[in-house]
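These notes concern the structure reproduced below.
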Amino acid sequence: MAMETTETNQRSAGDTILETEDLVKKFGQFTATDRINLTVERGEFRSIIGPNGAGKTTLFNLITGALPATDGAVYFDGEDITSLSPSERVRRGIGRSFQISNIFGGLTVRENVRLASQSLDRDQYNFLQSLFKPTGRYDSMNERTDRILDRIGLRDVADETADALPYGDKRRLEIGVVLATEPDLVLFDEPTAGMSVEETQETIDLIEEVLVDQTLLLIEHDIELVMELSDHITVLNRGEILAEGTPNEIAANSDVQDAYLGGMME
Amino acid sequence: MTRGGKPQGRRRDVLKAITAGSVAGITGLAGCVGDPDEMENGDDDDFDTVQFGVLEPFTGEFSDLAEERHQGTELAIEQINESDEYDFEIEYDDYDTQLDPATATQRAEQAVQSDGAQFITGCISSSAALAINDFALENEVVYTPGAADTSITGANCNEYVFRFETSTAQIAEVMAQWTADELGDQIVYHIADYAYGESVLNEVETRMESISDDYEQVGVTRSDPGSTDFEAFISQIADVSDEADALVVGMTGADLAIFLSQAGARGLQDEIPIVTTTGSFRAVRAGAGDGAYNTYSGVRYIPDIDTGDNQEFVEAYEAEYGDLPDNFSRVGYESIRMVANGIREAGSRNPSTVAETLSGMEHDTIFGPNEFRECDQQAMNPVWMGECVEPDSGELADVELLEELTGEEAAPDCEDTGCEL
Amino acid sequence: MITGFLQPLVDGLTIGVVYVLLAAGLSVIFGVMHVINFAHGELFALGAYFALALVVPFGGTAFFAALFIAPLLVGIIGVAIERYTVRPLYGRNPLYHILLTFGLVLVINDLIYLVWQPGNVNLPVPEILTGTINVLGINASVYNMFIIVFGGVMAFAVWAMLEYTKYGLIIRAGSQDRQMVRNLGIDIDRYYSLVFGMGAALAAVAGIILGGYQTVSPEMGMSVIIPAFVIVVLGGLGSFKGAVVGGLLVGVIQTVLRTYAPIFEGMVIFLLMIAVLLLRPRGLFGVETEEEGGELLTGSGGFLEPQTRKQLAIGMIALLALVPLGVGTLYSAYAVTLMIEIIIWGLFALSLDFVMGYTGLVSLGHALFYGLGAYAVAITLLHVSQSAFIAIGLAIVISAAIAWFVGFLSIRVGGVYFAMITLAFAELFYNMLYRLDITGGSEGLFGISTYYGIAGMGPTLGDIGFYVGPVALTGQSLFYYIALGALIASFLITRRMLNSPFGSVLKSIRENEQRSTFIGYETTIYKRRAFVISGALAGLAGGLFTLNAGYATPSFAYWLHSGEVIVMVILGGMGTLYGPIIGAGVFFGLEEILTGFTARWRLVLGTIFVLFVIFLPRGLVSLPAQLAPYVSGGSGPGPEPEPAPDEPSVRGDD
Amino acid sequence: MSAEPLLSVHEVTSGYGETQVLRDLSLTVDGGEIVSLVGRNGAGKTTTLRSIMGILTPTSGRITYRGEDISALDATETAKKGLALVPEERQIFPELTVRENLELADYGGSPDVDSLSVGEALEMFENLQARASNAGSSLSGGEQQMLAIGRALVGGADLILLDEPTEGLAPYIVQDVMDIITELNERGITVLLVEQNVHVCLDLADRNYVINQGEVVYEGTSESLRADEEVLDKYLGVTA
């Protein structure tokens, strides 16, 4: 126990929220990520870019626990979370949004948000309560749910089935669900995929607005957007980190030009 | 309650409905909790019809036997209804018990509660029959089961159950005697691993022990009920065939047919005589094909026998259905006839009265004079030993009788039955 | 001593080869179409009956002709089944194929009864195949040798067909990547019928050669289908090689165990199946296939206003409470008996719905818990205490505990594999009931009596009478209220649970398990809890039955009952709690009415069920919503909600 | 040959479920051309190919091939018309041998088009010749790509839809693949190429479409695209 604490203290020196250490994932012969060392500071807006097959989503899956790592470790808030289940990681503050909107389509908007909110409160009530006390009677949970519905602007449609929402609202709900788990770090996997220009802008505005306090990790293809939003950018290529830096540094990096953008300017 | 034109009639209806149910009667006032007194079924001397419930497993594994039994039942009812000797008519409904005791009881409830049956008959499988045994006692209706399990008129007997089916104990008697006399006392067994198989093993063993001091059980193999592959057992039996005088098989139905068919293909009966309990059933012979040839079997019934009015029964049966009766047809037939005799004798259709009358009453049956004896209400049927032989034409093995035991000789002693009546 | 070893081997191979033929078709059908064909056993039986129809009039030598003609006919039937019943379901959750083919089992089985009559019949084989041979001290019949050789040749021919012909290549490719086969311009969908027909024909061949070896009977299909599944699961769903190895393995293991360890026979294949599913869910030779998407279609409850629904429910309960009062005037006491049956099975169906409709776990072995409850009550009453309360309490606790254990082992495998493993557990239990002394073996336990109280204080139902006006409520009628009370209490409790945080999580799992994980729920734990609650309720249902009926028999745990309760849930509408209760009512109502007309009522029921699975998968409760648009003339949801294909979101790579 | 293009995609809207990926997208491909589709990840390139092939059905718009409307056809039917998709993941049948993979293609495809025999295809790709009886799963990425292209040839395609053929391949193999594409074209096969590697496209293609968010934002020859820095910068993120 004591040893662990020392370890933890060491790791949390500085204000690093997420750190991966030589993270490797192999699928059979194929190495999807190869010894990735990623460090993300608290409060940062970090984007991850790279060509198809670079290992971006795999990296996300390793950080969130959706896939077990072949080798290496993931530290969150200085703690080794490599062997924790996805849900455990969510509880420690890692939220995730998905490429394709991934909400509970058959439930109402309110239920969607409440479920996430409830996950947070889980330890505050005992087992029997959780079995028998109707959800409507948990005040703090419902208040928080309403607050979030307000923030994502879906309070008016709270009692509609999520499936019935227009596409853009679904994405808003998706973000609301993530927000309701009160994450410290949010991973966004292409939140604007399949959106029109206007929708993209709205979504980004929303993310910026409601998640301003959180650390954000974003996979995005729209380079322009990435350049505009990010504090730092990590470029992956063939499972390895090719470059890391501020948007300006990345734009000026010839390796990036070469590998990611196809060596156009050779 | 007195509203309406016929308070009297309505009260009668209510009473009937209640007494037909599982509970006996009424005392006390509306809204009270009381302790209902026993109330006798009102005897009415004056009746034209008697309601029977015929419960058979029309679907499932025993459905052919069910059909066979049902034809016997129908024939008996037809004859009784046409006969002047009985001044009442039997009305009946059929119920499909499937293979499941739960369904059987439900159907019995339907017959008794909904359709007002006072007499029920049927069921082939012993677990269904045992469930109905209990039901008959609880509901005070007379029941004539179609299963051979010893405990039906043994440990689980009760005063409402009368069995014309020959029990495993009776068959074991003739099998044991004949086997010990003709084949020897070194026996290997193969049984189906359930109640019927175990009871054959027990009954034959007890009797062999009492007949011969040198009796020895060479070995027992057990197969799951419903097994369809007996190669491994046949190999094991063949291995000990030199040490044993005979193989006793405690199986019935499809299990036995398949066993005989496979044993026949392996030529097992050339190595060791095979003695079965029900190999003489036509259904088994039909299923086993030439596998049945040259095997021995206890015989509960074959159409050829010349006892009582059997030949009249066979003729009538053949005329009606174009086919010879077999074991279950005669059980269905005689169960109805004997109960009808009881009703005539009692002059009542009250099941309790009829049950009292039936116990120990003499009947003329296809086996000649017979009775449900008082100590266990089991019919005193004669039993035979037979051999299944290759027929002159066709595939179906013929049964040749080898030895007969009278009802007296075959029946176990009253004190050994486990029945306390 | 070599013969000592060879004899069981030869014996085992005989049956093993038949298993191979049976399992090969089943497995290839799954590989290409992802259809689990429960009706395979019936096609097997049909093969034997067609052969019988040919051999009987023409004599033994027609056997050889039958060996080719009958499979052809069954193959054609297989094609028709694929074309008209299976095809409309592609794209839905593969569990619907299980449901559909279960319905087909009921239909085909009754058709066999109708056409050929019940009973075991011997299928005569030609003279040339009779007699025995003795080699190396091994005794075997010529027919055994014929089975091994002919079956071996057939299996080899199928293998060669798969390996070396154009069709075989296409079928193998189809079981690996259907879309790519389409991309190559090959109409793989057209081959589905062929594959189904071929699988059916193989089953028919197995049926014929086994028919000659055993007997032919309408039950022969039911008796082989479970072992066939075990083999396919062992070998790996979709793998021909797996079917061959699995079939021979099971044949030999069974035979060897009969010789050396007879106590395990019957149980061992299920233990083997459970072990394989837990350690290597894809079986010995199975390959990783993509989990087929497609949601389970739950009933829609949103048709009526909540207020109206509440009033309707109260009205229904009031009506139900009045039932015993009409006995003797409006109807006989049998009405109460029938209603008790419906209530108990309604409770059983409700228990299944709680896991199936809310967490998507389709348990094919729920009769296990029903049987467990029944036996727990019976054993308690016989050996521990005659108190009904103690017995029922124990039944609930024991069922819940075993459900926890089964759930602990099973829930980690999903979908079709979960269905299979629960089936294996139920069969294991069913087998144990036969073997154990405490369960009374094959006959079960009888003559059980009880009182309603604790520590020797309390009346039996037969001793009490309540009098309401002219009607006396005693015995059966009082028990009716106990059962009804249990059902209503269970309904209210489960409904309350679904409105609690726990229930919300269950619903979220049904909607989208992955998302549920990523908002912080350990879904396995929630599913297991739901399974425990479901098991406890099923145990309560079984316990109530035994309490009333006074006996317990192994048939309570028979797999057909697990199937029937699924039928009830689907008929009513899964995921609604009340739908399955309605389903139970309709099921028994139909049975009650139909048995009055024909012993072949399962034919009608099966047909209705098949039509439900195809056309009204959301059950009866969805009927008003389905009809509403037509009645009011407005446009509503189409009759067939098209589930969007699930795009797997956690992928290996981006 | 008439002036009519071989393939014409006219104002097609398509996507997955509710997600609209393509918005009124139009493009044409003439016989004998190599046409490239470039754009960022998620721009809708793969969706375009899948919609043409018939794996996805467009919700509106019209796709014609040799003047015939193929919008509603499924993949099997379009393949029989002479289209072949070489998908991004290659989708080699892992448990079939290399030869069987090719034989399978021979059973499918277009009956009207002169196709390579399995033997000819194996000759064309030396690497495959040596591994003809190895399982598909044992091939390297480059070999898989060649086998995937080989299947299209054996199937008798005259329009090949190539989805990211160089993805995940080592640079020297990229060159091999580019050579093969050129060779295909010399055999008279038309190629619609989706690439992220702008370099590959500009080298190979006669014409290029730049698509962004499901719409065509630029069309032009490689020369003109190379010169258009604004497009390169804005849609492809390639700065001068």
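Chains here go by letter, A, B, C and D, matching the order in which they are written, and residues are numbered from 1 within each.
Note that in this section contacts are C-beta pairs under 8 Å (C-beta built on N, C-alpha and C of every residue); 3 or more make two chains touch, one makes a residue touch a chain.
No experiment lies behind these values; they were computed from the predicted model shown.
Undergrad: Sort out for me whether C-D or B-C is joined by the greater number of C-beta contact pairs.
TA: Answer by contact count: B-C.
Undergrad: Could you tell me which chain lies farthest from subunit C when each chain's centre is the average position of its Cα atoms?
TA: If we average the C-alpha coordinates per chain, D ends up farthest from subunit C.
Undergrad: Averaging only over C-alpha atoms, locate the centres of subunit A and subunit D and give their separation in whole Å.
TA: Those two chain centres are 34 Å apart.
Undergrad: With centres defined as the mean C-alpha position, give me the subunit C-subunit D separation in Å.
TA: The separation of the two C-alpha centroids amounts to 46 Å.
Undergrad: How many angstrom lie between the CA centroids of subunit A and subunit B, rounded to a whole number?
TA: One centre to the other, that is 73 Å.
Undergrad: What positions in subunit B touch 2 or more of the other chains?
TA: Touching at least two other chains: none.
Undergrad: Counting only residues that touch at least 2 other chains, which ones in subunit D make the list?
TA: Subunit D, residues with two or more chain partners: 16.
Undergrad: Could you list the positions in subunit C whose residues touch two or more of the other chains?
TA: Residues 647 of subunit C touch two or more partner chains.
Undergrad: Show me, using the given definition of touch, all chain pairs that touch one another.
TA: A-C, A-D, B-C, C-D
Undergrad: Would you mind writing out the residues of subunit B in touch with subunit C in their complex?
TA: Touch residues, subunit B against subunit C: 1, 10, 13-14, 16-18, 20-24, 26-36, 58-61, 63-67, 95-96, 99-102, 105-106, 109-110, 112-116, 126-127, 130-131, 133-134, 138, 149, 156, 193-196, 198, 221-226, 228-229, 231-236, 238, 253-254, 257-258, 261-262, 265-267, 283-284, 286-291, 395.
Undergrad: Where on subunit D is subunit C touching in the complex?
TA: By the definition above, subunit D touches subunit C via 16-17, 53, 55, 74-76, 78-80, 84-85, 87, 91, 93-96, 100, 103-105, 107-110, 151, 155.
Undergrad: If we count contacts the way the header does, which residues on subunit C are in touch with subunit B in the complex?
TA: Of all residues in subunit C, those touching subunit B are 7-8, 11-12, 14-15, 113, 117-124, 130-132, 139-144, 210, 213-215, 217-220, 223-224, 254-256, 258-259, 262, 265-266, 327-329, 331-338, 341, 431, 434-435, 441-444, 446-447, 462-472, 474-476, 545, 549-551, 553, 555-556, 558, 595, 599-600, 602.
Undergrad: For a test of understanding, state which residues of subunit C touch subunit D in their complex under the given definition.
TA: Touch list, subunit C to subunit D: 166, 169-170, 172-173, 176-177, 179-189, 287, 644, 647.
Undergrad: Within their complex, state which residues of subunit A touch subunit C.
TA: Those residues of subunit A that touch subunit C are 27, 32, 52-58, 61, 64, 66-67, 85-88, 90-91, 95-96, 98-100, 102-107, 111, 114-116, 118-120, 122, 125, 129-136, 138, 177-178, 180-181, 219.
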